[in-house]
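For clarity, chains are labelled A, B, C, D, E and F in written order, and residue numbers in each chain start from 1.
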Amino acid sequence: MKIHVIAPVTTAGLGAAPDVHTVDDCEVTHSTIATGPASIESEYEVALALPGTIAAALEAKAEGADAIVINCMCDPGLAALREALTIPVVGAGQASYHVASMLAHSFAVLVAEAREIPIYENNAKIYGLASKLRSVRSIDIPVLDLAADPDRVVDALYRESLAAIEGDRADALVLGCTGMQGCDVRLRARLDDAGYAGVPLVEPVSAAIALARAFVDLHLAHSKRTYPLPPAKAIVGFDIGGTRAPV
Amino acid sequence: MKIHVIAPVTTAGLGAAPDVHTVDDCEVTHSTIATGPASIESEYEVALALPGTIAAALEAKAEGADAIVINCMCDPGLAALREALTIPVVGAGQASYHVASMLAHSFAVLVAEAREIPIYENNAKIYGLASKLRSVRSIDIPVLDLAADPDRVVDALYRESLAAIEGDRADALVLGCTGMQGCDVRLRARLDDAGYAGVPLVEPVSAAIALARAFVDLHLAHSKRTYPLPPAKAIVGFDIGGTRAPV
Amino acid sequence: MKIHVIAPVTTAGLGAAPDVHTVDDCEVTHSTIATGPASIESEYEVALALPGTIAAALEAKAEGADAIVINCMCDPGLAALREALTIPVVGAGQASYHVASMLAHSFAVLVAEAREIPIYENNAKIYGLASKLRSVRSIDIPVLDLAADPDRVVDALYRESLAAIEGDRADALVLGCTGMQGCDVRLRARLDDAGYAGVPLVEPVSAAIALARAFVDLHLAHSKRTYPLPPAKAIVGFDIGGTRAPV
Amino acid sequence: MKIHVIAPVTTAGLGAAPDVHTVDDCEVTHSTIATGPASIESEYEVALALPGTIAAALEAKAEGADAIVINCMCDPGLAALREALTIPVVGAGQASYHVASMLAHSFAVLVAEAREIPIYENNAKIYGLASKLRSVRSIDIPVLDLAADPDRVVDALYRESLAAIEGDRADALVLGCTGMQGCDVRLRARLDDAGYAGVPLVEPVSAAIALARAFVDLHLAHSKRTYPLPPAKAIVGFDIGGTRAPV
Amino acid sequence: MKIHVIAPVTTAGLGAAPDVHTVDDCEVTHSTIATGPASIESEYEVALALPGTIAAALEAKAEGADAIVINCMCDPGLAALREALTIPVVGAGQASYHVASMLAHSFAVLVAEAREIPIYENNAKIYGLASKLRSVRSIDIPVLDLAADPDRVVDALYRESLAAIEGDRADALVLGCTGMQGCDVRLRARLDDAGYAGVPLVEPVSAAIALARAFVDLHLAHSKRTYPLPPAKAIVGFDIGGTRAPV
Amino acid sequence: MKIHVIAPVTTAGLGAAPDVHTVDDCEVTHSTIATGPASIESEYEVALALPGTIAAALEAKAEGADAIVINCMCDPGLAALREALTIPVVGAGQASYHVASMLAHSFAVLVAEAREIPIYENNAKIYGLASKLRSVRSIDIPVLDLAADPDRVVDALYRESLAAIEGDRADALVLGCTGMQGCDVRLRARLDDAGYAGVPLVEPVSAAIALARAFVDLHLAHSKRTYPLPPAKAIVGFDIGGTRAPV
């Protein structure tokens, strides 16, 4: 089984390193996109990431991927890719929201910047999980600065985790930026030490890969009633799909 | 006051003709986009319409527009443009949903194809109006075929209008594709003749222009807490905004 | 176009002064009611304001009004007047809630007294906007005292505005009493100075007038399926409408 | 214990006969109102029933009532009376919705005319029970005609009951007009004969009286935080309460 | 009329003493269960209380009870007993939630331990009352310790009551553990002294008995469409019902 | 990895055969329970299945299971087992609802009997997925009769599938009884032939096993804030856990 993970940004290394999640019977490959933003923390950047993400996904499919994972909590292009493809397409945001909802009465998401909160709350409404999402809490550190000072990031994540658990009554946590990967192990240790070992901490890319693998195992993919193939139609300026409908 | 209407498609003439909505104290100009799909009836096409729509909006702003209207019921790029701009940006979908909600206990939307229903229902959830939306009903005619046989379109709209009013208990109707413009007058007449003169029929582009004008009059624009200016950041492959944040 | 604004209270001058909102192509007239309370801050006062408000609206219609605005955030008589009339009837509450919902991810309302909070929250449920309303915050100053000490009112509004923005994550504000008119300019300046220029502040009477004008322009009025004409029927003790159905 | 039932209409005999509900330890008295409509089936009539209903309730309180029941499914004046009084005030609509919700997974209401449906659905939203209300079904017979042809009324109620149970999956029924009293026994028999003995049929006035009695027994009344005493204030044209606050 | 109250625990005296609620025309008897937990504060204990509760209810029915009350806020076995019986079965949780919802715009529940909060919130969702429930607040004292130090319990209840009223804007309170009986009188006095006489405090067992009595008076019981008789079927290990369906 | 599947019924062979789901790196074992009902289609049977299900789960844990799956769509004991255990416990109902929700805009569940509909709808509310569940449709065949006439079962499932897809606009289907296993392959083929190959059909036990495996892989289990260990306490009549808290 081959699962391909697309980081919908042009910054190499943002998100997972290529070899992190590969497991015995399942090859996990990674790529970034050729055109688009350096990182995503706005709807504007989501918009300009979409053509590159679609191109990367069609290419991965052509190279034999059995499933696609979008490595960004905003799930850019999730619906568009599901229309264009029949293999499972899984978003890190949708996957982690559902995993947290299955494991706990309520959950919170820890984001890089407050400006992303409306995007996350809107997605929870669309995914049907607004009643499970207690809060989206920001650590107020831009995505591209996350790697520079991991200590500060982990400190801030820990502070907001406590506020989410005790103040907002969130019973599970979602690491709300795929750029926070690596912090999950340290945050987990901090939470365990503080007596919160029983609070699940969902790392979204791992969760998305695990669900993609489950869907392939179950011979299930997204509904083509919800996500029908786009009609064959001229699309000026984009080679991807060109004047033909994609597959 | 200058309101600029962008049809986020490459097909000239789809949506309003340039001079339709111009009124005395308010100049209404129209454009299509340079890159993107011929028409929009999928999330895939929404995605590929976004860069062209952003470019067109930034250009309109540079040329002195006081407000922007997105002439498509899917409201492609509504959030992205609101981030990039401080002048009011109004989507035909959001505007018509709110107008119908203000005028009636419940409403229905009449769409070109059933494949669009999830998009419309998801937008109603985000706009907060899901409890007012009784149904989205399809006439099963592709957008690019709407112009070819207006009689068939009006017949189908009338049939679905009756089903929405009597079957779904929708007390107002929204013409759910900006490509149906022109049909509203004929559908209105059919509904009046059938005893449904009291059921509002909202034509979305007119509604969006009227609201844009109201916002300019009221010196109001969208919240920059919800839609903050995108951070200055490299965006590969798109001249629009370049490495600088837009305004 | 003639828009008539009814302040559903017997206190002359409460609400807008007669000439405030008149604009070139649109004549805006104002009146109070002959019977009813001096001001409205309870359901009891809403109840006793209704006969006078209905009488005033029927009279305004007879004198040629093209639309009616109810100048009170509780929207007293909104449904009753819409049943009795076919010209647009717009409530300051419903109009301002929708304007704020269109412009922001969430909003808060600033009211005179805490006792009004259930009324405002119930209206948000009926208008379908409960998911957008973050909070209703009180300045704890009775309506009839608002005019006496504007400095105190503006201070209190500013304090609750900050709490709504920072504490409740409201991204837009609605001035929740039409008796606060005039305070909006000063509150706007205070918010701008504090770095909240991007947070819309909706003044409800202006918003209602702008929407009434938009509805007249669009040839739209409320649904007569939701608000059918009341049946002809004896109504003891009220000349208004008498034994005949109103128009 | 004395419970006073107010039919908020001027038609003597509409609603319960004076002696119907009196039980051993609880005296149940009935009255109509002096000013207002002959019957209620619109928001307009609700509005004009309010002053008379308030006057009747204050009088009943002065004469020693321990609780007030509003004998109309629209619950006209429920909030206003609760503000004005500290003894329990129970609405036939609210009481019957809650009784049906406690007894079944879902319920339907059978109304006289379709024009009342928005009023009933809005009340369900305010009472918090919208998720339990499957449908409001109309028998299309005006309230004042209900007494003229009981056979036709019972036939229509039976027909809509079956549609509600089988079509809408309503597991309990509420007789949706207090003017339908007397029909409940015959409808109950028809449902029993048809195999629906297990479907509760709630007669709203009886349900409201039973709840009023329960509240008095429990020494409970409505919250004065939700329904605080109206402020002392001039109210022109109404003797009730006059310039003093009521009690 | 005979109402039988089952405390679904094996601890004699937990919940109401046998003679507390007996009133003139209505005999109220009490029992505990033969198998199950000493007290209930988890889903695990709810599960192991069910067989004993079913046995006790079937026995009470055989001995002539006209209605059954479950004396526990978790409402263990409410649906199972309603399937097995045709006489009214009332849960202390459901009854008190509905009473509070009828009397106030919003309410809060005061529980023994935070671990119960998800159970209470889930029940509010099922009962349809989630929008009325502002908060569930814990006094952090285990159920079996409640009797040991009533002063501490009342102090804690008072502290959380103030937080619920002022902080969460709850306009009514529900005593959230039937083991807190007796504290209601003292808490009521404390609230009255503090100026909160207008905030209803619902004691759940009394409320449930009053509603059970009302249902018997109204000749109403739960819907057998929602709660049909269980099919005749072998049930290994439980004499109750045995291989026959119960009645 | 060892996943243990408990069919919470006493009928051997109901649900999955022991060897169906075993895959290379994951051993899947199956058991039924010693005390309880022959099958589950009521809340009464759920109640009497719980002690046996708890005993079976504690035993499986003692024998080295890494995760537990409850093989019944009603998810009997899901919360109780999660309290008692720290290894992942997955219910077939919760798992299949979430899988369907992730893959489609909306879904429907196909159940054996209409009497189960309230149970399924209530679970959807608790799981937070009520807005995604379009309908629960019954084939009206008792669970224990499912095996007798597979042709009739598949015919009925196919008929209700079409009604769910075309009538209720469900974009994914869930096989709503674990006793329908084996029918999924034949139903899938029928749907494919009818042009509905794009509609996912979720077989719940497989889905639950796949998710259990994913949780173990991710080192995640349910939140112990939502599901804390039950307090040590006397539980009369049940050896399981005895007077000690389980682990």
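By definition in this document, a contact is a pair of C-beta atoms (placed from the backbone, for glycine too) under 8 Å apart; a residue touches a chain by one contact, two chains touch by 3 or more.
Note that the coordinates shown come from a computational prediction; the quantities given were computed from them, not determined experimentally.
Comparing the centres of all chains, each the average of its CA atoms, the largest separation from chain F belongs to C.
Remark: chain A and chain E have CA centroids separated by 43 Å (rounded to whole angstrom). The geometric centre of chain D is 28 Å away from that of chain E, both derived from CA atoms. Residues of chain C in contact with at least two other chains: 105, 118, 122, 125, 130-131, 171, 226, 228. Viewed as a contact network, the protein chains fit none of the simple shapes, being neither a path, a ring, a star nor fully connected.
The residues of chain A lying in touch with chain C in their complex are 117-118, 121-122, 125, 130. Chain E meets chain F in the complex at residues 10, 34-39, 41-48, 50-52, 54, 77, 79-80, 82-84, 115, 118-119, 122, 125-126, 142, 144, 226-228, 230-231, 233-238, 240-241, 246. Those residues of chain F whose C-beta lies close enough to touch chain A in the complex are 23-25, 90, 94-95, 98-99, 101-106, 127-132, 165, 171-172, 196-200, 202-203, 206-207, 210-211, 213-215, 217-218, 220-226, 228.
Residues of chain C that touch chain A in their complex: 105, 131, 169, 171.
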